[in-house]
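Labels A, B, C and D are assigned to the chains in the order they are written; within every chain, residues are numbered from 1.
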Amino acid sequence: MIENLELLIDVCLLFFLLLIVFVAIKTTNLFVATMLFGIFSFVTALLFLDLDAVDVAFTEAAVGAGFTTVLMLSALRLTGAFENVKHRHSILGLFIVVLTGAALIYGVADFPNMGDANAPVHVHVASEYIQLTQEKIDIPNVVTAVLASFRGYDTFGETVVIFSAGVAVLLLLGMGHVEPKHEPEKNLVLWVVVKPFIALILIFGLYVQFHGDFGAGGGFQAGVIFASGFILYSLVFGESYARKVVPSSILPRFAALGVLIYGLTGLVSLLSDKTFLDYSALSSNPVSGQHMGILLVESGVGLAVFSTVLLIFYSFSGVNHNE
Amino acid sequence: MMINSMLSDICLLLGGIFTLTGAIGLLRLPDFYSRLHAASVTESLAAPLLIIGVMLDTGFTLDSAKLILIIVVMVIVNPTITHALCRAAAHGGITPKMQSESTQKNKLQTETEFSSKEPK
Amino acid sequence: MNELLGHVNYWIVIFLMMMGLYMVIASSNLIKKLIGISVFQASVFILYITFGKITEGSPPIITDNADVYSNPLPHVLILTAIVVGVATTSVGLALIVRIQEAYGSMDEDDIHDMNDNDDFNIKSRSKI
Amino acid sequence: MIAAAIVALLITLALTLIRAFLGPNIYDQILAVNSFGTKTVLLIVVGGHALGWFSYVDIALMYALVNFVGTLAVMRFFEQYKPQGEEK
């Protein structure tokens, strides 16, 4: 019964995705295409939840549905053109796409069935990760353990990638300045309603940050949620007020500080004769050392992601980059 | 315990019916403002019913507190969004169907539209 | 029947992927191309997560009342890939904004036309 | 009964999606998109309870908040875009 329901939800959501993308291809209005991409992310996140990937669903909902939509909309405002997009019907393109698709479907025929417990993916390292997490790290969330400890080097690289994306956007667009005509209209109802919600979002962000060891969550998600609290403030009260709350000059420093916290945690273990990012060096008890290391590293990631996301939002909300 | 699960079933059933009604209204009603009404049926009636149905079934845990928080968020957020959207539409020059012409002619118009405009 | 249901996820993911690819090829607007790339990316994410799923398994969070867990490794890879994906998307959007400022258009065909036209080249260079 | 509620929610999602595609003007589409988000939250709560998804309540709460931020962003940028379009 439960498996049938899971499968029903899975297939329905996949068909929704196909429909959404089909309409997004057809539409000539970029605004509509962006909104449809927002729902696309929502449905994808729901699908991840249905496929048992709780943490991924969390990330996709916060990052894909929340931040990407806001980002694309502010880019559309900067470019100022969103209607009557030309669409060319490319026969050659269609031919290539159909050919590639047919080849891929032919290749997929050999794949093991979905949910098969004996598939090659599951017989290798996966069970080791689950066992070692219980033995060496002793936190319930295996994803956080693998992310921050077993594959900590990998995650360090990804944090640096995010940081450099922030730097690249800053180089391309700069912070700009806020033009008065871009300020939002006064809307008393929104002002009153939004204020408590900002507090709620910020507290929820902290909860996600520090609850990541036990349930779904972690630094990546928490950073984006925390930033979306400030983004909400700036959407309702205006960018110039938001820049008074969090000055744009401190954001690059915070982002660098986040990456630095991550790197220094690794350096400490290197100095005490262990390998880079081996957290058991942080305390006399290896298990509590792991706990401490994961906490430090996750806060570094959270800080870096928060400041980079807000930095990118500020860059896209300013105008006049040429001068 | 028995009563709890029965109540939960009733809440879930009612919630399901109201969501469906709201969605059919969203699809079939003739103009933007009436569709706004249909959408708010789901958001302020069906949502609490469904969540209360789930709450009754789980019993009182920490999750119940979060579920109450979700109800509060939804009950505050959705009317706000509806208000802001309605205001934006009014500023954007969307007029309700009934005001545009004389009432009688309009009645006929909407009726014909209802019969001719089948959802695809 | 079992074979069909076991593979339906893969097929739909491939359809999605190809629709994203077609969007990149067929639309000349740069923002729509970027949306196409994101759709392509999302379909790869779904494929990975589908690999990690085990029927009757529970999410990889250790609890007392579960003994089969889904594979945590694809989850870790995709979690970071999503955040990196949004970072690269933002760089792409920033590039599009600059292109729009320099050329006054986000349409690929228009930009090619302008590049072929010498007058514009001189004007735009002096502007930048 | 909970299975019936899930099926009802899935049908609702499909109907809302059709309105989002058809919507004669942009406001209808914004309304449908926001409504879709709300129904997703409901599906997470009901489905999470029925299928035993882990910590579904946290995710549902976050969806509700993200949906709010997203819809506000859509309306804000759409309202501001309009006067520029009329100038042209």
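We take it that contacts are C-beta pairs under 8 Å (C-beta built on N, C-alpha and C of every residue); 3 or more make two chains touch, one makes a residue touch a chain.
If you're wondering where the values come from, they're calculated on a predicted model, not measured in any experiment.
> Does A-D or A-B have the larger number of C-beta pairs in contact?
Greater number of contacting C-beta pairs: A-D.
> In angstrom, rounded to a whole number, how far apart do the mean CA points of subunit C and subunit D lie?
About 21 Å, centre to centre.
> So, what's the distance in Å between the C-alpha centres of subunit B and subunit A?
Spacing between the chain centres: roughly 31 Å.
> For subunit A and subunit C, what's the span in angstrom between their mean Cα positions?
Comparing mean C-alpha positions, subunit C is 13 Å from subunit A.
> I need the residues of subunit B touching at least two other chains; which ones are they?
Expected reply: 73, 77, 84.
> Would you please write down the residue numbers of subunit D that are in contact with two or more other chains?
Only 30, 52-55, 58, 61, 65, 67-68, 72, 78-79 qualify.
> Give me the residue numbers in subunit A that touch at least two other chains, ranges are fine.
If we look for residues of subunit A contacting two or more partner chains, we find 52, 54, 76, 80, 190, 197, 200, 215-216.
> Every touching chain pair, please?
Pairs flagged as touching, ordered by label: A-B, A-C, A-D, B-D, C-D.
> Inside the complex, what are the residues of subunit C that reach subunit A?
Checking each residue of subunit C against subunit A gives 2-3, 5-23, 25-29, 31-32, 34-35, 38-39, 42, 45-46, 49-63, 68-76, 78-80, 82-84, 86-91, 93-98, 100-101, 105-107, 109.
> Can you check the complex and tell me which residues of subunit C touch subunit D?
Listed in rising order, the residues of subunit C that touch subunit D are 58-59, 61, 63.
> So in the complex, the part of subunit A that touches subunit B is made up of which residues?
187, 189-190, 193, 197, 200
> Taking the complex as given, what residues does subunit D use to touch subunit A?
Those in contact with subunit A are residues 3, 6-7, 10, 13-14, 17, 20-21, 26, 29-30, 33, 36-37, 40, 43-44, 47-48, 50-56, 58-59, 61-63, 65-70, 72-74, 76-81, 84-85.
> So in the complex, which bits of subunit A are touching subunit C?
Touch list, subunit A to subunit C: 3, 7, 10-11, 14-15, 17-18, 21-22, 24-25, 30, 33-34, 37, 40-41, 44, 47-48, 51-56, 59-60, 63-64, 67-68, 71-72, 75-76, 78-81, 85-90, 93-94, 96-98, 100-101, 104-105, 108-109, 111-117, 119, 121-122, 125-126, 129-130, 133-134, 140-143, 146-147, 151, 154-155, 158, 161-162, 165-166, 168-169, 172-173, 214-216, 218, 220, 224, 305, 308, 312, 315-316, 321-322.
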